[in-house]
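See structure below.
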Amino acid sequence: ADLEEIQERGYMEVATEDNYAPFNFIEGGDAKGFNADVLEELRDYADFEIRQEILPWTGLLAAVSNDQYDMALTGASVSDERLRVFNYTPPYASAQHFAIKRADDDSISDVDDLSDKTVGVQAGSVLLSRLPELETMLEDDGGELGEVVQYESYPEAFADLANGRLDYVIDSAVPVNTLVASKPDVFAKGPAVSGAGYVSWPVPKDSPELLEYMTGFLEHLKENGRLAELQEKWFGESFPNLPEKPLKSVEQFHELAGLDD
Amino acid sequence: MNASAWHMLLEGAWTTLWISAVSIAIGVMAGLVIALIRLARIPIVDQLLVLYISVARATPLVTLALFIFLSAPDLGLDLNRSVAGILALSLNTTAFNAEIWRSAFRNFSREQSEAAMATGMTPWITFRRIMLPQMVITSLPGLVNEMSFLIKGSPAIAVIGIVDLTRVTNRISAVTYEPLPPILVAGALYMAIIGCLVWLQRLAERRANRLAT
Amino acid sequence: MSNWEILWDERAQFWSGFLSTLEIFGLSIVGAFVIGCGLLYLLEGSRKRLTIPLRIFIDAMRMLPFLILAYLLYYGLPSVGIRLDAWWSGVGALAVYHGAYFAEIFRGNRLTFPPGQIEAAKAHGFTKGKMFFRLLLPQIIMQTRPLLGNQLIYALKDTAFLVIITVSELTAAANSLSSTYFIPTEAFIVVIGFYWAISVTMEIIIKQCGRFSAKRGFDNV
Amino acid sequence: MSEANTSEMAAVSIRHLSKSFDDVEVLRDVELEVKTGEVVTIIGSSGSGKSTLLRCINWLEKPDRGSIHIAGQRIGIHEDGRPMPVRELAKVRAKTGMVFQGFNLWPHLNVLHNVTEAPIHVQGASKREAEERAMALLEKVGMVDKRDSYPNTLSGGQKQRVAIARALAMQPEVMLFDEPTSALDPELVGEVLAVIKDLSAEGYTMVMVTHEMAFARAVSDQVVFLEKGLIIERADPETFFTTPKTDRVRKFLENHDTPSPA
Amino acid sequence: MSEANTSEMAAVSIRHLSKSFDDVEVLRDVELEVKTGEVVTIIGSSGSGKSTLLRCINWLEKPDRGSIHIAGQRIGIHEDGRPMPVRELAKVRAKTGMVFQGFNLWPHLNVLHNVTEAPIHVQGASKREAEERAMALLEKVGMVDKRDSYPNTLSGGQKQRVAIARALAMQPEVMLFDEPTSALDPELVGEVLAVIKDLSAEGYTMVMVTHEMAFARAVSDQVVFLEKGLIIERADPETFFTTPKTDRVRKFLENHDTPSPA
């Protein structure tokens, strides 16, 4: 529902996730992560109540687009398909895609080295839909994309990478940093495999005022320096060069990401 | 895995347990009611029930759970997620149970119910005092089997945000990046829960010997 | 573009998912059937040394969720150095798991098998193997067909769990489409249709078997 | 209701009873009057409609035409033609007690509870009262020491004696027996017949189908011969067994070598 | 092996046979010799061990002591005391044909296949050969026109006739009958007895348990009376039925009113 209705009823319902570190995850039974901290900031900022619901990713965007929730306070990557239904607040993190390899695997250092190797990626994700970019990169150098294995979620893909079924896994910048930081002796960050990508909060297209309100909230965090603090805390970097405006159309996204054919 | 992971697993097991228990109770009752209605062979109602049973048996639970959760608001229903989950599980298990009860009805000895009627019992008393107690014993293996399938299938309702045992393992491995240990523990917990049911079934089997005249 | 049009454009993905579900299902139930019959045969010999471990194995399978069995086979075995291919470990897990169920169904029926027929066979000089395959098994299979039918439906639904070990079948296709385009309702209606079609076909086949066996007087055994 | 004074009222009165299965007429215009205290035996060859007639009496089978009164009250249909609601039908049925060829004890209840089940749940007797009555009846059929056994542990003869006690427990106006000994091993027949004989001596009204000719001769007040749904002969047992009127009955009795009464 | 020349060799020779169930001695030191072509009838009251004796002959029941030879070959145990392996046991068993009280036809096979099943899958006969032989036997028992029927559509008498043909199809040295008519309705007994009578006339060797005294008298060469596991009388039928030596047999025969042979 749009802002007016939210203010009238006195609360906003946001959907968050439970297994996408470092954006949202559960530790010791409590919600943690970047968006969990942001949620606290939002509670201070808003003059209405914020109610949080935790859902698995599979049904989450569908539930938001069905009006079950007002918006998704998650680490959602921007994609063409999603822009059909959602607008995005200005990005708060990069979602450029990187390869992850085994720490002891010396055969991968450059994009070319990925040619013909087995790759794991999450089913139905933006990462999967942007694989053609990597394919083009490889083909430009006379290589080719190897076998693609789709996973329901990343922990299994990482398990298969560790046990050797996969040669590399593609994930976006932030979770890659987190993974490599937590298991430096098992995993290492490989080359980037896509152009720019963005992470931000999806707001249904029929709630333009809510989009504006959340954009204002993000501005507020930028101004008081909390955003940079939280980005450093959770992502390890603050992504200074992100776009400043909400993302509302495919064209706009493609121009920013340098995706135009 | 640390102490809090164990705590989460046990909590997940509890959720699995109570949601399954409620759905089993509803499913067993509703299955019996449907079997009774089908005995009456009311023209259109009967075909509708057959259709329901056929579709509900074939529909994967994940699908059903999401479907109910997402389409409830369109129907003007405000469903709590636990309610939606229980509804999905019950709709599914009821279809199977209805068939189990129905075959118990069909196999019930006509002579015995005639003997009951001959002593002046009304059909209702005959059903309650003579048929039901025996049908419970003869159907229990089938019912227990179905209960165990319900428990095993219950991870599907995690899709609408219910934190059951399997979902907890996902949450733990999302942080530790090691999916195997929590899965092993979850497996053991599932086996413990279903083991109790199998034991119940063994008890009933012993009783059933008495009915085999 | 409406949601249905999106699905129509992606029909190839559904179709290949459907075919691989059929393939997995077909192979694994044949395997499960063979395993079930094999277990029954082994249980026939009254040697306790063999029957007790077999009964424990069957009960363990019945208590373990299929998902977790598949998970252990696929992600657990590599830690002891065995690496199975996703497809084969999926089919293998399904076959073993439901094979144990088949065996339990057969065993239940075997308990009530008329002993007179066995005696008659012995008196006619049948050996154990011949008696099992020519006299026992055909009757047990025909008599348990309603239970077998139910079990086949459970097996069909268990194929959907194979998404977790990266087997791309029908549910995987639907999950993938619904999380790309978040149109779960439409995607899953299509999937329900496919699963329903398979199970209705199965029901019809089993009903035909029922006619056949009624004609042969199995119902009066 | 057509009630006469009790002393003269028939326990069972059957008028113009007809019944068909599919196209086969199994009972044709049967008339039968059983007085209170009387023992009537129905005999006839297999398929002649004996069981069907007995089952019509307590409406387990619905006749096509005709009326049946039990202790003056019509069963199944009201005098004005309205079908009887199930509760009322059950009440009239309770005036008859039936013993089946296959015993049909309820296997989930022990002997005592088989006997008390109907008094408690149909007549609303208290548990104590029902058990006292049941014990008296089990005494009568010689099954007191088996009161806690379950039916599957009893022999056929014992089962049938319990079934008789169960039927008696409802204090019926008339007892119906459908070949009560034909499913029994020859050695067990005697014990059941002895119980039935005792009942007849005590003045119970009974209608019985049996193939035990000697027994029929010994206990009956009236013997009825059924052939293809028709009553073709009825008489007191002496006349019936010694000087049958029809050839059919004579032939039947020859095949069922009838020894003189014990 | 202790083989004599064939013409004089006993079809069945039982020595010192004893058998207990739990603590009850069911057979005690039974000795029995059945010559080729002879018909031996075993009678005795219920529980006296008749069935057990018959079942020992083809090792369906394992005796505790004693030996059994069929056509000169020992069954169950080798002369040197080694237990016989199952395949070999099956071969010796096939020298006997057994007909049970409960028919025990295989319900999933039609009449013809019930008869050809064992010859094809045990003896390895060709399908054509087995069917030819089966048709001849079905002819003999009068069941040719039912060859394609399944057992559930047959009457008890027809089932038993098929069971006899099935046992004969193995070309046994001796036929064993355990109360072949006692599960039959009285009307159907005759047709089965007629078939068995024909077999005896054709010179088949048979051992039979029956309660049909008249029939036993008509077909037997030797009658054996079993009481509590002991053979207490054996004689030719004339002597046995007219001048029994023991009181026990006299009493038994009184209870089983024995008409003179048909």
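Labels for the chains are A, B, C, D and E, by order of writing; each one numbers its residues from 1.
Note that in this section a contact is a pair of C-beta atoms (placed from the backbone, for glycine too) under 8 Å apart; a residue touches a chain by one contact, two chains touch by 3 or more.
Chain labels with UniProt names: B, C = Amino acid ABC transporter permease; D, E = Amino acid ABC transporter ATP-binding protein.
Please read all numbers here as calculations on a predicted model, not as lab measurements.
Participant: So which chains are sitting against subunit A and subunit D at once?
Facilitator: Correct list: B.
Participant: Measuring centre to centre, with centres taken as mean CA positions, what chain is farthest from subunit B?
Facilitator: Between subunit B and every other chain, the largest centroid distance is to E.
Participant: Report the inter-centroid distance (CA atoms only) between subunit C and subunit E in whole Å.
Facilitator: It comes to 45 Å between the two C-alpha centres.
Participant: Could you please state the distance in Å, as a whole number, between where the Cα atoms of subunit B are centred and where those of subunit C are centred?
Facilitator: 20
Participant: In angstrom, rounded to a whole number, how far apart do the mean CA points of subunit B and subunit E lie?
Facilitator: Centre separation, subunit B to subunit E: 53 Å.
Participant: Can you tell me which residues of subunit B touch two or more of the remaining chains?
Facilitator: Where subunit B meets two or more other chains at a single residue, that happens at 66, 70, 179-180.
Participant: Which residues does subunit D have that touch at least 2 chains other than itself?
Facilitator: In subunit D, no residue touches two or more other chains.
Participant: Of all residues in subunit A, which are in touch with two or more distinct other chains?
Facilitator: 58-59, 62, 156, 159, in rising order.
Participant: Residue numbers of subunit B touching subunit D in their complex, please.
Facilitator: Going through subunit B, the ones touching subunit D are 109, 111-112, 114-123, 125, 129-130, 133-134, 137, 209-213.
Participant: Applying the document's contact rule, which stretches of subunit D touch subunit B when the two form their complex?
Facilitator: 58, 60, 86-87, 90-91, 93-98, 100, 102, 104-108, 117-118, 121-123, 150-152, 163, 166-167, 170
Participant: Which residues of subunit A touch subunit C once you look at their complex with the stated criterion?
Facilitator: Residues of subunit A touching subunit C: 57-59, 61-62, 65, 81-82, 84-85, 123-125, 128-129, 149-152, 156, 159-160, 163-165.
Participant: Going by the contact rule at the top, pick out the subunit C residues touching subunit E in the complex.
Facilitator: Per the stated touch rule, the residues are 114, 116-117, 119-128, 130, 134-135, 138-139, 142, 215-221.
Participant: Could you please specify the touching residues of subunit B with respect to subunit A in the complex?
Facilitator: That would be residues 4, 7-8, 11, 66, 69-70, 73-74, 158-161, 163, 167, 170-171, 173-175, 177-180 of subunit B.
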